[in-house]
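Several structures are given next for inspection.
Okay, so chain A shows up in both of these, paired with chain B first and chain C after.
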Partner chain A sequence: MFEFLNQQEVIKTIVTIGSMVLFFVGLFGLLTRKHIIKIFISIAIMESSIFLLFIGLTFNTDFIAPILDNTHVNVSNMNDPVPHAMLLTAIVIGMAVLALGVSFAIEYFKLTGKTDINEMNEMKH
Partner chain B sequence: MSSILFIALPLLFGFATPILSKFGKNGVAYTSMLMQMFLLYLAIDLVSTTSSYVEIISIAPPLGISFVLNSASLFFVTIFTFLITLFSLYYLTHRKTDAYENETKFFILLNMLLASSIGLVLSSDIFNIYVFFEIAGISAYILSAYKKTPSALEAGLKYLLTGAVASVFLVFAIALIYINVGSLNLAVISQSFEALPYNIKVLISILLLIGFGFKVEIFPLNFWVTDVYQGSSALVNALFSGIIVKAYLFVFFHILYLFLPSGEFSVFLVYLGAVSMLVAEIVGLKQTNLKRLFAYSSLGQVALIFTAFAMQNKEGIQAALFIVLAHSIAKFIIFLALTSIQGEHKSIHIETLKELNSPFLRAIMLIAMFSLLGIPLFAGFVGKFLALKSFAVEGMFVILMIIVISSLIESVYYFKLSGYMFSKGKKREVLNIGSTQKIVFVLLAFLLIFIGIAPFMISNFLGDSANILLDAKSYSDMLGGV
Partner chain C sequence: MNLKRDLPTSTLSGFALSGLLILTLLNILLQNMPDNIQTAGNELLKLNANEGVANAVTTVVVYFRGFDTLGEIAVLFIASLGLGLMLHSNTRCDIKAESNFMLQTASKLLFPIILLFGIYVMIYGHLSPGGGFQGGVIIASGVLLLLISHKEFEVPHSVIVALETFAGVSYVLIGLIGLLVLDTFLGNFLPHDISQMGMLISGGIIPIIYIIVGIKVGSEMSMIVQNLIKRSDDV
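== the complex of A and B ==
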């Protein structure tokens, strides 16, 4: 019944629409939320949506994993490994930045007790 | 094999710092400075011995990492290594009185910053650019929040938030580029980018502009800059304003020239830069905190560089490179001087300048301000003059007007500052500056005057760099064979 879902075009359309919805959910959160941790979560959602889009559009379900060994020497039916390698790096970097941000937020909270981004105005006085 | 050293040595040093610190307290500070001096020597050696130098370091295709060192990137590498060496020299004296806590970490961050700024400039692979973009960002966030006071942490948080958002947009752009072009190499992308469908091209350009716009401090994405400068210590601000912004500016326009050699969006970017400059200077007028005031001045100058780069012709780029040099040196002087003043007076309010009792610092700061203002016989004048000339030649008189008006507004607060510095009244005790620090200041000020008097000494080199930057075709031919 759901076999039509296996077609490349359908998968790519679903991935594109889904990840764009996620992206705008993240963007909405980034612009409207005031709690610093929620803002970080919104950024994480935006990032994930980009990763999803990238993998979804470059991945072909008919192809196999790009691992070269004695039995698999034909490269033409393998998926492109570059996006995967790239995204692993990007995910790690994104994680590191968010962890650093949360650690700043915790230190800041310990000193001032504030979590609202609008109340962060040490510079004004 | 020399260009790989510019990235490898500082990276290696950064990672080796924890081991080096076992050999004593001063070991890291001195070895780090020696390493930077060696890099400076390499850079100056390359500048002086070869007229138009091109070196490609390429690691075989499966990895496909390549770095390109030509006149344009060599110019930036020389500025970065020169400034960071002087920074380390200054810090050697500074650390005796006001050292950072956990100095080892500070040196790791400093060298990471150097490695990533040079990496941004040399890289010819858009994903490597993203990685260096993030390394530079992370080191800058930590340096900004280093003191762990509420305002420093707030500055770090704001810097990190905007940086994280910027990197999301950059990854988006890179993903779209890879999906449409099928390569990450700048040379390959450059060959097929202009032929892409118009909608995709505009979308990618907008995403890149947003991603880099946060980092090159362009209006309206520069709301965070002044808070970050005010919250961070003045010492670190010198690095932000002198090195990091310049690296981002270079890489943004490098990518722009390669992707869109015909300059489709050039006029839009020129107006964007001019408006940014006007806004920055107008808002800067009312500031009373010195760090914040010079942050606005930085915004204005960076916007001027942006405008000149966006002209996308040889004269404009040459002017931009002159302003890059003059602005980096002048802002280094200003922020290092502010560090000395803050260390003594414990305040950075504009009134502090009235009590400043150090003829040496006053003279040095005045030279830097004159250069920023663009008074003849100082380096800033050459850049501003060339920029105005290139606008006039292109017939962009609206831009010319905006730049002149912004410069006039800028002059108001510089004259106000110099009025404060030379006002009569109660003075503090004499501010002591170490002899090493004096050498640093004098060297920087001398360079400003030297370039102002003899711009012809470097104008050929800069013209050459501008030509190389503009020549997308030979860049892709050169890398295409590898």
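== the complex of A and C ==
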């Protein structure tokens, strides 16, 4: 019944539209929320949509995982390992940015008691 | 209640328009996508067999772009450093509610298993899905379990300092030995025969470097988690 989902075009269309929807959910949250922790979480949602897009666009159901063994050195039917490796980097960097941003937000809240970005106007005057 | 003021209509319509435009652009790109776009990956997969490592993702992360991985764990170290600088406090963890008996006992039972699983994922990173980053994060999740279940638990700071220093220095030292022996930074100077592919001891320096990355990521993530949980009371 769901065999048509195995076609490459269908998979890539679903992944593209879905990750774009997730990206815009994150962007909407980033632009409309006022709580600073929610803004960081929106950035994390946008990042995860990019991860899904990269992995989904290079995923091929006819191919196998890029793990070789000593009897099987034919590499023509393996998935591309490069997006996985790049996204490992991206996930780590995203985690580092999120943790550092949250720590700044916590320290700011300790000093001033504010979480609303509209009230963060100490540098203004 | 003014509905127009509560709903940001201009923002919403701007979103709808830009989303539509990006979807159209992606649709055009997808329709004109060539059938065989995986040339870089195929070249790397062919080169991968020379290193004797089964998992091609590990080879790409640790060997072909090993210098970037060094920079990546440096970024993680800087984030951990900044977080410790911002949130440093000498008071203990201030979770108000005492965790119950079942959580305390179960976390004591589970922590060695989580640690073992993390080390397994780390050591078998060149044979199966997983590796240093994943194993390190698994170990940090075990530390998080202990931190939320035991109020008095604290990651010993001297152990973290020793582990991080050992991991960072040995990564650079292995790279420099490769530079001396093979004229390439992070050159694979240990024996890496293709006939050993799939065995635990194979691939030369690649599993060693991934274990080092795992030690560094595990200790840094444990420190990040502990700094985020431990807070002083003077809010």
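We take it that the second predicted complex is superposed on the first by the 124 of 125 C-alpha atoms of A that agree within 3 Å, B and C clash if a C-alpha of one lies under 4 Å from a C-alpha of the other, contacts with A are read in each partner's own complex, and residues count from 1 in each chain.
In this text, contacts are C-beta pairs under 8 Å (C-beta built on N, C-alpha and C of every residue); 3 or more make two chains touch, one makes a residue touch a chain.
Quick caveat, the model's predicted, so the values are computed rather than measured.
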Touching partner for A:10 - first (chain B), second (chain C), both, neither: neither
Contacts of A:107 with chain B and chain C, given as first, second, both or neither: both
Partner chain(s) touched by A:46 [first = chain B, second = chain C, both, neither]: first
Which of chain B and chain C A:54 touches, first, second, both or neither: first
First (chain B), second (chain C), both or neither touched by A:64: neither
Contacts of A:78 with chain B and chain C, given as first, second, both or neither: second
Chain B versus chain C as contact partner of A:36, first or second or both or neither: first
Partner chain in contact with A:88 - chain B first, chain C second, else both or neither: second
Chain A residues touched by each partner, larger count belonging to chain B or chain C: C
Intersection of chain A interface sets (partners chain B, chain C): 58, 82, 89, 93, 96-97, 100, 104, 107
Sites on chain C touched by chain A in the complex: 8, 11-12, 15, 19, 22-23, 26-27, 30, 33, 38, 40-42, 44-46, 48-49, 54-57, 59-61, 65, 68-69, 72, 75-76, 78-80, 82-83, 86-87, 127-129, 133, 194-198, 217, 224, 227-228, 231, 234-235
Touch list for chain A against partner chain B, complex: 30, 36, 39-40, 43, 46-47, 50-51, 53-54, 57-58, 82-83, 86, 89-90, 93-94, 96-98, 100-101, 104-105, 107-108, 111-112, 120, 122-123
Chain C partner contacts - residues on chain A that touch it in the complex: 9, 12-13, 16-17, 20, 24, 27-28, 31-32, 58, 65-70, 73, 75-76, 78-82, 84-85, 88-89, 91-93, 95-97, 99-100, 102-104, 106-107, 109-110, 113
List of chain B residues in touch with chain A within their complex: 127, 130-131, 134, 137-138, 141-142, 145, 148-151, 153-154, 156-158, 160-161, 163-165, 167-168, 171-172, 174-175, 178-179, 184, 226-227, 230-231, 289, 292
